[in-house]
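Both complexes below contain chain A, partnered by chain B and then by chain C.
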Partner chain A sequence: MTAADTEIDSLLGRKWRKPPMIRRRWLRWAIGLGFVAYLIAAFATIEVNWSRVYEGLDRGGAFVMAFTSPDFTSRGSDIWAGMLESVVMTVAASVVGILISIPIALGAARNIAPLPVYMICRGIIAVSRALQEIIVAILLVAIFGFGPLAGFLTLSFATIGFLSKLLAEDIESMSRAQGEAVRATGSRWAQWINYGVQPQVMPRLIGLSIYRVDINFRESAILGLVGAGGIGATLNTAFDRYEYDTAAAILIIIIAVVMALEYISGIVRARVQ
Partner chain B sequence: MLRLDKLTKTYKTGDQALKAVELEIPQGQVVALIGPSGAGKSTLIRCINRLVEPTSGKVWLGDTELTELGAGALRRERRRMGMIFQEYALVERLTVMENVLSGRLGYVGFWRSLTRRFPQKDVDEAFRLLDRVGLVHMADKRADELSGGQRQRVGICRALIQDPALLLVDEPTASLDPKTSRQIMRLICELCAERGLAAIINIHDVALAQMFVARVIGLRAGAVEFDGPPDALTPDVLTTIYGEEDWVATIDKVEDEEDTLDPEAVA
Partner chain C sequence: MPVIETPEGPIWRRRTRGQAMARWFGWLLGLAAFLWCWSRISEATTWFFVRDAPRIAGDILGRALPPRWSYIDNLWWPIWDTLNIATLGTIIALILAVPVAFLAARNTTPSALIVRPIALLIIVSTRSINSLIWALLLIAIIGPGVFAGVIAIAIRSIGFCAKLLYEAIEEISATQVEAITATGASRWQVMAYGIVPQIAPAFAGIAVFRWDINIRESTVLGLVGAGGIGLQLQASLNTLAWPQVSLILLVILFAVVLSEWVSAKVRAAII
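After this line comes the complex of A and B, so read on.
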């Protein structure tokens, strides 16, 4: 009998289980129990003032009920002006943001850019993503004053972080051979990007761009709350005046527009494959 | 026409893919490069057009030394070296015509290529080549709609429209069925003969190589182990290249039956 035979004999008839993700039994239990204990402790620290909740229910109810009688007319011109401002902000910020994102995405793809360029572009992306839109908007409102200019700049800035990062990742995962084949013909760098890289990432670029337009429109509704213009400013005013029916009308419009954009983007993305 | 002088490639990992390879290929000669996976076949042909940078050594294409060239000069020399790839490496979302015309990128300016306004003689030549390989009716199809054999023929057109002096061919038949493989090999060799092109063809299929080429080079662990006519590939030689195995069946003379390229049959 050889060593291999004895090994297989001892294995036969034995139960088989998938090896656990964490090998050490005590560590596995410690992590599991620790997490549950933390969860219980965390929930225990959240204070709930039940009498305040009871009072608030009325106000919440009024807000929800306003959706049954949304008022599109009495502040109609304000709503219209706010919407128009939001759309202008969204379109302008998306176009500018996307145009700036593309070169940064090329620079942030390790398979295309040399290390120094890569570091700089990744740095720009990191800064853009680290600063939340609201914080940027507050800063820019402080600099440029109330109005859509601050909103436009905020959204452009946020678009760069979002689009560059995701596009760069798509470029990094492209087929190397297709790019190599174009390079082997003696093409220039720009021709290589145009023939070898662009066709591979175009569907992703279009999909992300439309998605970003959608996000920018929703964000433009938030940015108004900190004074950066758009439909959000109108919404904020409606809340301040306790005009819940007008607020409901604005929210319904926002939801409708976002759903329409979602629908369009679905169609476009299916087409560009 | 092509001369490699002590060409060496050491990867960052420390793997020595090529060990001072010396090689000379005269005008118009088609050479098959055989050897086990990892022997450095792909590295060798990629070091010639510098898709992979050689660590040391020289590459002479005619009177030009390639390893020292700057970016612009290298681009101009790359136009003289057509490359055909394993798995075709067509840009899948471009049309067949765009893929073929991309072989002219080294000759046309950026704006012309961006707007796809290639000179008429390039477009004519593209149609002529597509007609030669039996794919002229596919010109406006997207490359990913084609079958494997068709894609490789587009790849051949892309290499030839460069008007090269040398073809670098990397496993042209790796993912093709036996009949299509023969057709592709035959097509490459016929076109090389028509145009007086030299070619280096990396290939795994020893019998297929013997069928079509005049000279075989065996590479093993980055060094030339064999260099001679296909008839000289004896079982002993194959053992020195690949290692111990029963080689008799592999090199049994395969009679080349008459399956000339028939575009309808494989379309």
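After this line comes the complex of A and C, so read on.
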């Protein structure tokens, strides 16, 4: 019997098993064990007041129910003023941010800019990307006072980091041949940028700009929490007063605007590409 | 092709006169909209404060430097909390995002008419609301603390992860799935051997990418009371303890740069 078994076994070969995602065995075990150890430590140190959570479930239910009967009217003028301020900040900051980020993107592309300019522009991008909107907003509110100007400056600053980095990467990966061809006609630097570089990156620039408008609107909704203008202040007040139906109305408006922007940006990006 | 007839002969133009006029009108409208927006911002601004801004900025900078290094001993615990908020939030979000992504992907959804729109609605609504707003809401519901932060990060990340994941699922190659189906595999076996191996690298990439963003976001969740280092930031700001603020900002900056470096390394190793 045993002889037959081994014969069949040797004919069948080893059973197939799925290859693991991480090939090195020790690394696989180290990552797995380290992860489990971390999870245990993390869960052990988180304090959850379960009775408080349980009490809160009623309020959670009330909030979910508020979405079925949002109250757009009783704080209608506040909501309208807040939304208008958010939109105004978004538009102005997007325009200014995009205008500033184009020269910085040109400077941050290694195939166009000399090394010193490249380093400076990359530095600006790194600083802008590392600081989050809300922290910049806190500092700017402290400096410029409450109001939409601080929010406008915050969003412009954040737009520069985002757009310049992605646009610079696109410029760096453009085709050299077209630029060379324009160069060969004896063009000046500005003409070279305008006819050799700009047409190649324009679709990406438009797509990114519209995406950034979308992000700026979403961010403008929270800047009000620190006093930098926009719908956030109204939303914060609504939460503080447990006026869930007003809060639900504001959230619905935000979601609707974001969805509309995403829809528009989808159409525009499909057209330019 | 639009040309202009001149005595010396036709000159080529890129656009007809009407097209050019339409474009100029469009730019004019855009400019008008921008100027209107700017005037509204300007109206709401106290320009006296703005003129005073350089002095205030210098004053704050003078107070904030040098950072109070000894305060770092009070920060180890908040830093650990911040890490937990980001990591646990990401894990919960990934667990919830996987089913949503499978329901939202065109090629795996059980019903394109009913289930898919619901999944897409979940994705859009969780994505379009910032984690700070989710945190505000959860604090009103379950009280302030780290737990509210974890859940806020988790909810915010569902939409992001599910969107990227369902796009990855829609891009998988159908031949591999068909090959597994042809062996007589059940629905779940097709899932495990035909679909999952194809999206696993994308999944790992999304997880690390979102973790990086979540570290960034969890550092400020404390501003509304949802735990982490932001609580210390808020307390220091409220007491105008600028040397502490500058130290906390340095710690946050360091954490953000470090997490971005880790995420870039891991993604480079995966892909």
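Heads up, the rule we're going with is that the second predicted complex is superposed on the first by the 226 of 273 C-alpha atoms of A that agree within 3 Å, B and C clash if a C-alpha of one lies under 4 Å from a C-alpha of the other, contacts with A are read in each partner's own complex, and residues count from 1 in each chain.
Here is the rule we use: a residue touches a chain if its C-beta (ideal position, glycine included) is under 8 Å from a C-beta of that chain, and two chains touch if they have at least 3 such contacts.
It should be emphasised that the depicted structure is a prediction, and the values quoted were computed from it without experimental measurement.
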Chain B versus chain C as contact partner of A:263, first or second or both or neither: neither
Touching partner for A:255 - first (chain B), second (chain C), both, neither: second
Touched partner set for A:221, first chain B, second chain C, both or neither: second
Touched partner set for A:29, first chain B, second chain C, both or neither: neither
Contact breadth on chain A, by residue count: chain C or chain B: C
Chain B versus chain C as contact partner of A:195, first or second or both or neither: first
Touched partner set for A:56, first chain B, second chain C, both or neither: second
Interface residues, chain C side, partner chain A - complex: 33-34, 37-38, 40-42, 44-46, 49-50, 53, 56-57, 60, 80-81, 84, 87-88, 91, 124-125, 127-130, 132-133, 136-137, 140-143, 145-147, 150, 193, 197, 200, 204, 216-217, 219-220, 223-224, 237, 249, 252-253, 256-257
Parts of chain A lying in touch with chain B, wherever the complex brings them together: 175, 177-178, 180-188, 190-192, 194-196, 199-200, 202-203
Residue ranges of chain B touching chain A (in the complex, touch as defined): 49, 51, 75-79, 81, 83, 85-87, 89-94, 98, 102-107, 110, 113-114, 155, 158, 162, 168
Chain C-touching residues of chain A, taken from the complex the two chains share: 18, 21, 38-39, 42-43, 45-49, 52-53, 56-57, 59-60, 63, 84-85, 87-89, 91-92, 95, 130-132, 134-135, 138-139, 142-145, 147-149, 152, 218-219, 221-222, 225-226, 229, 232, 235-236, 239-240, 242, 247, 251, 254-255, 258-259, 262
